[in-house]
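Each of the next two complexes has chain A plus one other chain: chain B in the first, chain C in the second.
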Partner chain A sequence: MTTVRDGRGKRPAAEPGTGPADGPARTSARPDAASRTAGDDAPSVRDLRRGRHRDVWGMVRRRLLFIVPVTGLVSAGLFAAAKYSPFDPLVGYLGTRYMTTTEADKAIISEQLGLDQPWYATYWGWLQDLFGGDLGRSRSFSQPVAQVIAERLPWTLLLAGAGLALAVVVALLLGITAGVRSGGLVDRAVTAVCVVVQGLPPFVLSLAAIAVFALTLGWLPAAGLSDGGSDPTAGGVLRHMLLPVVVLAISQVPWLLLAVRESVVTSKGEDFVAGAVSRGIPTGIVTRRHIVPTSLAPFVNIVGVRLPELVVGAVLVEEVFSWPGVAGAIVTSARDLDMALLAFLTIGTTVVVMVGSLLADVVVALMDPRVSTDG
Partner chain B sequence: MAVTRITHLVRSVAHREGNIVVRARAAGPVLPTIALGGVLALVACTTPGGSADGEGAAGDAELVLADGYELGGYNPVAGFGAAGEAKMYDGLVRLTGGEGMPGFEPALAAELPTANDDATVWTVTIRPGVTFSDGTTFGPEDVVATYEAILDPASASEARSSFDMIDEVVETGDDTVEFRLAYPYAPLVTKMLIGIVPAEAVATPGLAAESTLNSEPVGTGPYTLVDLSPDRAVLEANEDYWDGAPEIKKLTLLYVPDDNTRAQRMVSGEIDGTNLPPLLANTFEGKDGMTVTAQTSADWRGLSLPTNNPVAGDPAVRMALNLAADRQSMIDDVLGGHGRVAATPYPEVYGEAYEPDAVFEHDPARAEEILTDAGWVEGADGIRVKDGQRAQIALMYNSVDTVRRDLAQAFASDALAVGVEVDLEALSWDRIDPRINTDATLLGGGDEPFDPDTQSYDALSSVFVQPDVGSVYANASDYQNATVDAALEVGRRSLDQAERDAAYREVQDAYVDDPGYVYLVFLDHTYVSKDAGWNMSGPVLEPHAHGVTWGPWWSLQSWTRD
Partner chain C sequence: MARRHLVVAGSVLAVVVLYAVLVPLLAGVDDRVTDFAQARQAPSAEHLFGTDSAGRDLFVRIASGIRTSLLVALLCALLATVIGVVVGVAAGFWGGWPDRLVMRTTDAVNALPHLLLGIVIVAMFRGSLLAIVLSIALTHWTQVARIVRSEILSLRQRPFVDAAVLAGASRRQVAVRHLVPATAPQALIAVVLLLPHAVWHESTLSFLGFGLPPHEPSLGTLLEEARSSLLLGGWWTLVFPAAVLVVVTLAVAFAGQALRKVVTPPQPSELRL
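The block that comes next holds the complex of A and B.
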């Protein structure tokens, strides 16, 4: 997590946008701060940027190293938790036959599947396979884990990537508009809609979208990758992904948008904005050059940290739109305690969230010089 | 009670991930059905053809069906197609359809199997000249290998328990195989529906769930799998099929997990058929070019009343609850009319083996009389009490099954009307396990409905009262009735059909005088299909499992068009 030190970061640097806003009091608190407008011959902006980049790289290296013990802990914790969870993996394995399988046969099956082993033995076996390049086999899907992932992950990346991109663009445009004129008509309308949408489960949104756009208007296909199970084509997939992508984006927009709006409103009240306004800088420039850049940092952070929300949204949207993605596999593998698949997906998600929040921090650190690089 | 509540809370947290999906389904029948109903009305007058723009599925000799069940897992050794519904495989025998109880006809067997006098050794002659989809020739060694693989502990086969009467399967000649049994077993032919795989595919012992057969099935069946992805399985007709090449040349199965989405894709005209829950299927009733099919099944729902429970074990309470249950209104309200009243595990389609007089009338007044006569008198709060024991029963049901939940609720209100309090608890199976012998459970059955023995022996025989015999769910009530036991054994051992039928009628007579469960309903499985002018072979009695391998499509390999 990066921390914004409110202008007192240990390596403050000049930034054209915020420079003019810094009042005399702050400048004196940061004697080394270079300010173009002040015209000092302090180190050039380029030098400071270079130092900044070095710090950011340091942060990236430290965090990447940090990922190793975290994934180790998470995976060990997962195997231990699975062993002590109230779920019986035989329920998932046997399905409807759970009720008709004799206790003697359940014991045989447990033994064959290694369910009676202590968790660290299962974990150790899994680790050995993993480092031997074998991801293991998924009991739930009767397939190698690598195949389950390879067949499904691309579809989820496509759906979630497009959905998130769309959500971010919409959230930025509307959030800034609403935040800048907070309390105005647009703001009140947008906030109200957000609250309503946030209360709607994605599957209701999905079914409503299918009912309106696929069935009533007939503009778009209802679900799946292709019509009637024909071979998927690029154009066909594009048409089929439109509804799920939009629904996923809509389900993600509210919290993104409200976060943008909130930080825009906060930035608006800051001294540097008041200073800029008092010096007669036009509102449009204050918004573009002063408010928006400082508001983006917390927003980028939120996108990084709340990736799990996106995964949950994807689970529901994929189910309703019969989208053959990996999100449903997370639920299935967790329910069945299909450890090989569950471990891969959990660790994958952990790494994605950690890398996502690292990327967000890098972007924030590069965007906002006041942010420290946790070194 | 407080403890139960906390357990529920903990569970609901623990199940959060699973519940996301469950909730989506659970809400299905209520809100979206209404929404869909409205949409259907709209669509009916605007876009009857819908937005399907692929090759028109109707008109060609191909079908596109949407299934709510995950695709893949096509290994018979792991229990796939145990009732003979697998399109890529053939069993030694196969079902003949039509109204009533299905019969059996030889498939990979050349003729129906024959038994020795005490039904412990069964001989099967193998059909000559049949080849697997990989080109190899089918022979007796494949039969032996398939059954041995199912029984091999190393396979960890889900279907193992179902075959536990089989001691060994031996090749006794170039074209004969002998099944040697651990005990006399008259309905062995029901265990010969499962698909046969090539011996080479199971040559190495190993987990059935990890076999390549799951995604690359090799069988002798009317179809072969040509493409499998997470959302789609494409099957093509086997042009060399020993029973003649199917007229439907291509069958595409789509995995569409959400019930409402399947309904919507059906409305859009993009698919030729799908399985839907009864209330959703009813929204298609009367729609042009669509047929709603309700297939009879032996898929029962009912509740156990454990003997050890001081309330549920009381014969008067057991009888009274059977009379108090308003089964017809459960069918009308919960199942949208698609079901049949159950008094015993034997449905009416069993014909000669069914006893028409063995039924329970819905008679709450008589129920109250029985309870009062037995000393259960109404307390101040309307709940009956006997010797300080309150007439209160906990009824557990599997939390993911909304039909069980709705039936349990309906039953609880019927029981309350005669002064018996039924407290519902939604639990996962592993939570139900340890309490199965002390509290009532909403159960389902009918996994193997093609013989009265497979349908009822586990539920009613007192053999399973012993703690280590069978599954904990076998005879969950710990029901003991000497007449029932004796007749069940006759049914299991006798090779004389008339004697068997009489034995099962005797079971039903004895059971309704001394019930140990409350059997509620048999579900009808509902399907919607697009009309395309095929001559179908008629319905078949369906087991517990359903999906588009059943329904009107169970015999699509034999469909013809003029």
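The block that comes next holds the complex of A and C.
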């Protein structure tokens, strides 16, 4: 994870003479600073930036190399756990016919399906198929896994993308407002609401939203993508996605918002803010130009850290709202122990989450030169 | 301030725990016995929180639900803390490659979508308490390990460790007699702070139908039942378990934060004494 190395040295000599009110005491130090940036041996801003980019690339390479063994371990563990699961995979395969099939036939079927092999043989076979482009067939959806993903992924991206965007906007707006006037009425109200929402799991929020807006008030549909199984239309989808998107956003807002508020409050106390205020820069400009930019990097960081929770939120929201996305399909395939789909979805999500948090860290490192790239 | 928070949060918790322990004992009703003539009754003097779709009294059932959820959560938090302390002490004490390995592992575990893997594992071993506890404990020890590790690193610099070494204590003695006991306050705080997470995880797993079997009421299974009752207008089946869930998790979280402030106040340097 990224850490702030120190609170100083941001953009060395990048803002020459922003303050028209530089006091006479400073002018004596000025020629010295100017000669330092113009000097031959000192690194120029461009050199610094280039070195920084190299550091960030190093971090990307290290982290990508790290993702490979972790993914390997997780997927191997998954197949090993499936082998030791007390559930007979034949029950899922045969369904109700499990009761009427003789033991001898079961033995033949499990041999043909390769169920009697040790888990690493199954895993190795799965890996070979995966890299050969064959994802297998999903039992619970009676479709090839690739088709399940192709049909359902866009809906999840729509839901999670819209939810995350809404959460980010709300968290930034309210968080900055609350942080700038910390201790004020808005701050106390927003913080209190956030603390309560933090205690509510996404599925409770979903149920409450359905109870109020769908069942009691009847304003919005409770589930699915379209009314009565008709083909989804743009307007219909919009109406159906409103509740799940808002619920997903609300379930993520408290952490993001409290993080923004915290970093705004912290940067309010920094020297450069005190300097800007003492130079007579109006409060609005100090907020927009000094406080908010320095609060954004920690915010991007927390968005990256929260990605796993966003995935879990999407799983729960899709499940409760019967949203036809991949996250809900995880629950369905886990219920049926549909290994072909379950393994691909779990491992795929794990990789996406790890790459996503790496992306967030890269953005943070490029935004804020104070952030170390060791992680 | 912190002490007052601790007292308030502690009293709320005490009330909840008393409710969870006493009501099932005193009610004289088996919360598993169904009575379909009494199904889906709105809250009344007879059934304070109403009844569920099988006519079971929710006031009693929620009490047993809290008990189950808190016990499961406590098991998870204790196990995660034990793992975290052992790993953290080992990493902080040995340093070198074991330390780097531990830090990399915590990074890896932190980067995983916990609950998702929990869902998958618990689905494979459905209804098993051990699977639930392991799936939560094995993904939540990392925070404790990191805190304990950094605590050990700073403890190693403290004069009492130097004194023990000068007095001829072996490395083992220093670790077992001096370093491990000194992490006790951190471990206690960790247990409390892990509790709300564990309650969350357990209720989510149970809600999805992967947790405890439905006749064992936990807050999650109660909320799962609320899902179908809601469609028939049974708002109370959602409101009361959800409210209890929020009150329990928030009270525990507040108690944990207040406890941290009380147990580890900003310490004056030992050298100044």
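In this section, the second predicted complex is superposed on the first by the 250 of 375 C-alpha atoms of A that agree within 3 Å, B and C clash if a C-alpha of one lies under 4 Å from a C-alpha of the other, contacts with A are read in each partner's own complex, and residues count from 1 in each chain.
Definition applied: a contact is a pair of C-beta atoms (placed from the backbone, for glycine too) under 8 Å apart; a residue touches a chain by one contact, two chains touch by 3 or more.
The model shown is predicted, which means the values in this text are computed figures rather than measured ones.
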Give one of first, second, both or neither to describe whether A:A82 is in contact with chain B, with chain C, with both, or with none.
second
Using the superposition on chain A described above, determine whether A:H290 touches chain B (first), chain C (second), both, or neither.
neither
Classify the contacts of A:L316 with the two partner chains as first (chain B alone), second (chain C alone), both, or neither.
both
In this superposition, which partner touches a larger number of chain A residues, chain B or chain C?
B
Considering only the touch criterion stated at the top, classify A:L113 as touching first (chain B), second (chain C), both, or neither.
first
A:A334 in the overlay: touching chain B, chain C, both, or neither? Say first, second, both or neither.
both
Given the touch rule stated above, what does A:R261 touch, chain B (first), chain C (second), both, or neither?
neither
Could you say whether A:H240 touches chain B, chain C, both of them, or neither, answering first, second, both or neither?
neither
From the superposed pair, tell me which chain A residues show up as contacts to chain B and also as contacts to chain C.
85-87, 201, 203-204, 207-208, 210-211, 215, 312, 315-316, 319-320, 330-331, 334-335
The chain A residues in contact with chain C across the complex are 1, 66, 70, 73-74, 78, 81-82, 85-87, 195-196, 198-201, 203-204, 207-208, 210-211, 215, 307-308, 311-312, 315-316, 319-320, 330-331, 334-335, 337, 342, 346, 349-350, 353-354, 357, 375
Touch list for chain B against partner chain A, complex:
11, 14, 17-18, 20-21, 23-24, 27, 31-32, 35-36, 39, 42-43, 46-47, 50-55, 57, 64, 66, 70, 72-73, 75, 78-79, 153-156, 158-162, 164, 207, 209-211, 214-215, 229-232, 234, 252-258, 260-261, 264-265, 267-268, 270-271, 428-431, 433, 443-445, 447, 458, 468-474, 544-545
Complex contact set, residues of chain A against chain B
85-88, 91, 93-106, 108-109, 111-113, 137, 139, 141-143, 151-152, 201, 203-204, 207-208, 210-211, 214-216, 218-230, 312, 315-316, 319-324, 328, 330-332, 334-335
For chain C, which residues count as touching chain A in their complex?
104, 107-108, 110-117, 119-121, 123-126, 196, 200, 203-204, 207-210, 223, 226-227, 230-231, 233, 235, 238, 242, 245-246, 249-250, 253
